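One chain, chain A, appears in both complexes that follow, with chain B as partner in the first and chain C in the second.
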Partner chain A sequence: MIAFFLRRLTAAILVLAAVTFVVFLIVYLSPGDPVKTLLGQSATAEQIAGMRARLGLDLPFHEQYGAWLWRVAHGDFGRSISTQVPAMSILLPAFGNTLILALSSLFLSLLFGIAIGVTSGFRAGRLLDKVLMFFTEVLAATPVFWLGLILIWIFARELGWLPSSGMRNMRARGSSLDLLAHLVLPSIAASVLAISIIARLVRGAVIDVLASDYVKIAQAAGMSSFRIFRKQVWRNILPPIISVGGLQFGTLFGGVIFVEAVFAWPGISAQLFNAITAGDVAVIQAGVLMIAATFVAINLVVDMVLVWLNPRRALS
Partner chain B sequence: MTMTASPLPAPNRRPAFGAGFRLGRTAVALVVIVVVVAAALLAPLLAPFDPLSGDGALRLLPPGTEGHLLGLDAQGRDVLSRLLWGARPSLIAGLVPVAAALAISLVLGLLAGYASSFLGGLIMRVIDALFAFPMILFAIATVSLLGPGLTTIIVTITVSLVPYMTRIVYGAVVGEIGKGYLETARLLGASRSQVLFKELLPNVVSPSIVYATTLIGPMIGFSSGLSFLGLGIQPPNADWGRMTVEGVEVFAQGAPHVVLAAGIAIIVTSLAFNWLGSGLRDILDPQQG
Partner chain C sequence: MKLFPTLAAGVSLVAATYSYAAHAGEDDKYGGTLVVAQNAEITQLDPGRQLGWETFRITRHIFDALVSEDLSKSGNDEPSPAIIPALAESWAVSPDGKVYTFKLRQGVKFHDGTDFNAEAVAFNIRRAWDPSFEFYDEVTAVNVRNTYIYLDKVETPDASTVVLTFKQPFSPLLRLLAQGSGGTGLIASPESIRKYGNDGVVEHPTGTGPYKFVERIRGQSVEIERFDDYWGEKPYLDRIVFRPIPDGNARVAALETGEVDLISWPPRDAVERLKGEGFDVPNVSIPSIYYYNVNFANEAFKDVRVRQALVHAIDREALARDLLKGTASPGYSVLVPGSAAFDPAFRDYNFDPEKSKALLKEAGLEKGVSATISIYAGGEAVAEWVQRDAAKVGINLNIRSYDWNSFLAQERTPGADVGFSSMEWGFLTPYWLSIVGNSNSGSNTGGYKSEAFDAAVSKAIAATDPAQEVANWREANRIIAEDVGKIPLFLERTHYAVGKNVRDFASPAQAWYDLKKVWLAEK
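Now for the complex of A and B:
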């Protein structure tokens, strides 16, 4: 177990190292000169050269990369080139907001995904199963941003039940009920694809377990469906749920950008988007690295939980 | 890092519907796809109006207005005409990157699974690193390098699909190697390249094509999302994602028909490709079904 953990940790660190390289390379290659943006059109060639030297932008690629990596390793992600605020103090609050949205979407995905999957699995081949599976297929084909707009139309504009955008109402500052109301629609929009994937996966797993000999024996012995579910099915569908749930959580971080755009959620993608429009190199690098690191960390945790549930996995 | 599943919609493991029904469904899907592709190809002939110029006096008139089956948008342009023309970039964004990624992944997956273990290990580790990149970050990076447009969409989706598809191809290659018939062919005197192209490739291609087909629908949706964010098709041209953006602006004015038309086009087309994918799996790759 510990050897497995160390192996995975090494792999994760190597992946992150590769990510830092790619992040730096992309920003290095991208057009647009941050110095010119900074100094404005009227800057003289000497001023530009002086600023480049001061920022270390005249050094060769490997030296720039090395210097950046050294600072990042020491927790210094640089400052925003436009506002001079440290990149992390821009990104961390936004990251927190994205985390709130991602966690509540994960909760909805698991809740509805498992509920639909288990219901469908127990009713396999019946009308209810067919209706539910058709429903998940349509959900999977629906673009997230489009669904978000339709939800806003129905629940915010027409019915007026829920707020259409943002995270907090100015008047109800800090109220958790207000935050919850703002969370409902974006969380639903962000979770539909995951609901459809988890539902189909759980359904398959339930059908497999129900077809197994030990469940047939339990049924023959008169065990109720609920007890069979609790004693047999649940334990067997948990590992695939954890692995897909973890993966979905990772993709939610990258994928919520559509939802954040539709609902004006003040998350990390909004900051990343602003940074790209402004050519704000330090914020772009730190933001991309943050998302990738979260993704890698989630996968590491998911792997560990799966091995903990079934130690034989560590051998493969 | 092992990933046990892809974040893209996985095909149904246990179909909810009987074989006859699913065959019928595949037929429906094929008909829908043929109709959509034909509509895109024949847009210049079919579209009743110019998709780019409108009549301001008719702006936002609802579906059913005389001569305008699906109504008019905020600039008085015919929604049906824009929908027909918009099918072109939307279909291209779904089909071209998936085909390109399939070709690249077949090469990479075969190399990784069948070439030297050093090269194979290297390829798969790079693929692992690419997995740590959410798709949308690729999109943003590509936009900052290439600028927005259809090319950006195609490059972005191709690059982001390669890791997923290479995994599938690699898995299929390793599975086939385990079956032992490749050894037999080698012992019977077949050259390495004969084994690769005559024995291995045909068995790897069909599961890969099945997987690729299931990606077309989600990629049509994803590409329209990129246009929605402003990273894709630029106005006045429109794919279905761009139409959604324009529809949003008039949403509040009580004219949801632009958004609805674009969204339904995306959903129906995606669903058709997804159904085609599961139909193809039934035919080409029955063990998986």
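Now for the complex of A and C:
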């Protein structure tokens, strides 16, 4: 298992290195210039050129990338050019906020995805199953930003039950209840697609397990549905739930961009958007690296859990 | 005899009641938190490095400059905000227009408790202007270049006097000192710059303004609270929180639910609905214009008649009324409203498609002429409007749209096929004409060059008589308009939507506002 872990870890680091290279190249080749954002409209061409030289932005690609890699290896992610503060001081708090939203969406996705999937699986082919599957189909096809606006319209504007945007009430010092209230609508908007995917997957797994001989024997022996679920089905549908849950978490992390925009959630996507529109390479690099690292870390954890559940997988 | 004391007592009782009521009303205004939703994340809370209106709307409450502008009235009532004393109680300009002497306000404290004095003023100016100064900041120097471009020396004969001597008469100075982004004369505590360094001020903005900085959470909020030792009148609000909500619909929703009290840039489509719901959406123009730079490297439009033909072809009144739904007014000059030099009756060229065709024919282009308009995202609808109008007279325009950053990257060096490029900008001071059109200005995109214009601008800058100054600026404006050095299109008018709980918010004739006199009906 340790050898397996080390093998996967090495692969993960190589993937991250490749990601940073590609992103750096894209930013290098794209036409934007962070110095113009920093100096504004009044700057002359000489002033812009001078500042570019001082910031090392006129160096060839390999020197810029090499210097960046060297600093990152020493834990220095550099300064934002357009805002003059360390890249991490912009990104870390935003990353934390995105993590909160993604975790809460993952929780909703698993809760409703599994509940709907198991119910549908046990009732496969019947009316309830059809209704639930139709419902998840519609949700999966709903654009997230549109759903977000609809949720805001109904629950914030018309009913006034929940806040429409942000992460806390700006008039009072936010309690954890305040944070929860702000989390509800964006989490729902972010989780609908994942709910639908997980529900379908779980339904399929439940149907497969229910069709297997050992369940049929248990049914023939008169075991109740609940006991069958708990003793036979649950353990067998767990591995696909974990792999898809892990995958969905990564997708949620990348996919909350729209949700964060619609709900003005102060997450990493807004900061990355600012950085990209300003061509701010240090922040773009560090931000993309964070997202990629999260993806890779989740995959690693999922793989490890799956191996732990079924040690034979380590051999394959 | 007896009547008088009774009457007197009665009168004084009424007077006392009245004054109590008035006084209580005044007291009732104090307190509460105003939440403002801005349309973008702000840049830097450093007086020298801040760029952008949304940033200056915050910093001008944290910092003061030597002079300020009276922004307490709506721009519809007061089209040209007066320059008023701030950190300088008074000032005098020498007869030759070269020497400005400022008498400073006494007993003013910075938010960190240090004293404001002449040294602090000199410190901030040298930070922006003197390369030999220990705390010289290059970014600041670039940003405020237009303000100190002719400055020769800074002197502080005593702790309450600052003397600025210019190499030539420089009439725009006072107005520039009160401006944000590109002109700012805001003054930070020298102690804070020494302590945190040029790069650290941005996280520790320390001024003398009515509000002091509490915290900034990027992507989430900037919070300021009332500074109790403020030199001026005590502002009503306890705290002001500015939050970025870049999505227009989300901004409107936050206003409608009462989560925020004031929003910038209500989307055009939402203006009528908001008004219907009882929100105030002031309709006021500010000194900023949406215009097209003319690229003088483009052969087809080098002939002034062809440029005039294009302007004659565009129905700017209908553009503002129909396409922009009355949220803008047509722009007929590069010179923007707000200054004494602005003439609301001035028209560059009328909408006259027949005249366009005649001019094109005169130029030998009756078969048509074509060029590209290069725009940044958001200007598509306006560009299509211009394209449609121009096509009617035989001017074929292609539209090339960029994201903002890519746009800036190519703006100064477009291909010769590009005839026009979009921009929205402006300053209240007519010196703006020089910034945007002078042949020696770095911001003169497109390379308009006219000796007559440059001469008129130089005369205006050096004018010592206000009437002469106005006449010279108007002359410069007339020249650039006749030459079609730029193509003015429209002025935005709906900059804010105001919540129902907010009282006495004025949308002034300036790109920023003053929240000192704003109060909340319910705290």
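Odds and ends about this structure:
The rule is short, and it goes like this: the second predicted complex is superposed on the first by the 298 of 316 C-alpha atoms of A that agree within 3 Å, B and C clash if a C-alpha of one lies under 4 Å from a C-alpha of the other, contacts with A are read in each partner's own complex, and residues count from 1 in each chain.
Note that in this section contacts are C-beta pairs under 8 Å (C-beta built on N, C-alpha and C of every residue); 3 or more make two chains touch, one makes a residue touch a chain.
Just so it is clear, the model here is predicted, and its values are computed rather than measured.
Once chain A of one complex is fitted onto chain A of the other, the partner contacts of A:167 are limited to chain C, with no touch recorded for chain B.
In the superposition on chain A, contact is made by A:156 with chain C only, not with chain B. Shared-chain residue A:261: touches chain B and chain C both. When the two complexes are overlaid on their common chain A, residue A:129 makes contact with chain B while staying clear of chain C. Contact with chain B, but none with chain C, is seen for A:19 once the two complexes are overlaid on the shared chain. Within the superposed three-chain model, A:94 lies in touch with chain C and out of touch with chain B [touch as defined at top].
In the superposed three-chain model, the partner touching more residues of chain A is B, compared with the other of chain B and chain C. Contact with chain C, but none with chain B, is seen for A:39 once the two complexes are overlaid on the shared chain.
Of the two partner chains, chain C is the only one that A:51 touches; chain B does not reach it. Residues 30-32, 149, 152-153, 157, 261, 273, 276 of chain A lie in contact with chain B in one complex and with chain C in the other.
Interface residues of chain A facing chain C in the complex, by the touch rule stated above, are 30-33, 36-45, 47, 50-51, 82-85, 89-90, 93-94, 97, 149, 152-153, 156-157, 160, 163-167, 169-171, 261-264, 266-267, 270-271, 273-274, 276-279.
On chain C, the positions that touch chain A within their shared complex are 33, 35, 41, 43-44, 49, 51, 138-139, 142-143, 145-146, 181-182, 199, 202-203, 217-221, 241, 243-247, 249-250, 253-254, 256-257, 259-260, 403-406, 408-410, 412, 425, 435, 442-443. Note for the complex: chain B touches chain A at residues 1-7, 9-10, 12-14, 16-18, 125-126, 128-129, 131-137, 140-141, 143-145, 217-218, 221-222, 224-225, 228-229, 241, 244, 248, 251-252, 256, 259, 262-263, 266-268, 270-271, 274-275.
Interface residues of chain A, counted against chain B in their complex, comprise 8, 11-12, 14-16, 18-19, 22, 26, 29-32, 120, 124-125, 129-130, 132-134, 137-138, 140-146, 149-150, 152-153, 157, 193, 196-197, 200-201, 203-204, 207-208, 240, 243-244, 247-248, 250-251, 253-255, 257-258, 261, 269, 272-273, 276, 288, 291-292, 295-296, 299-300, 303, 306.
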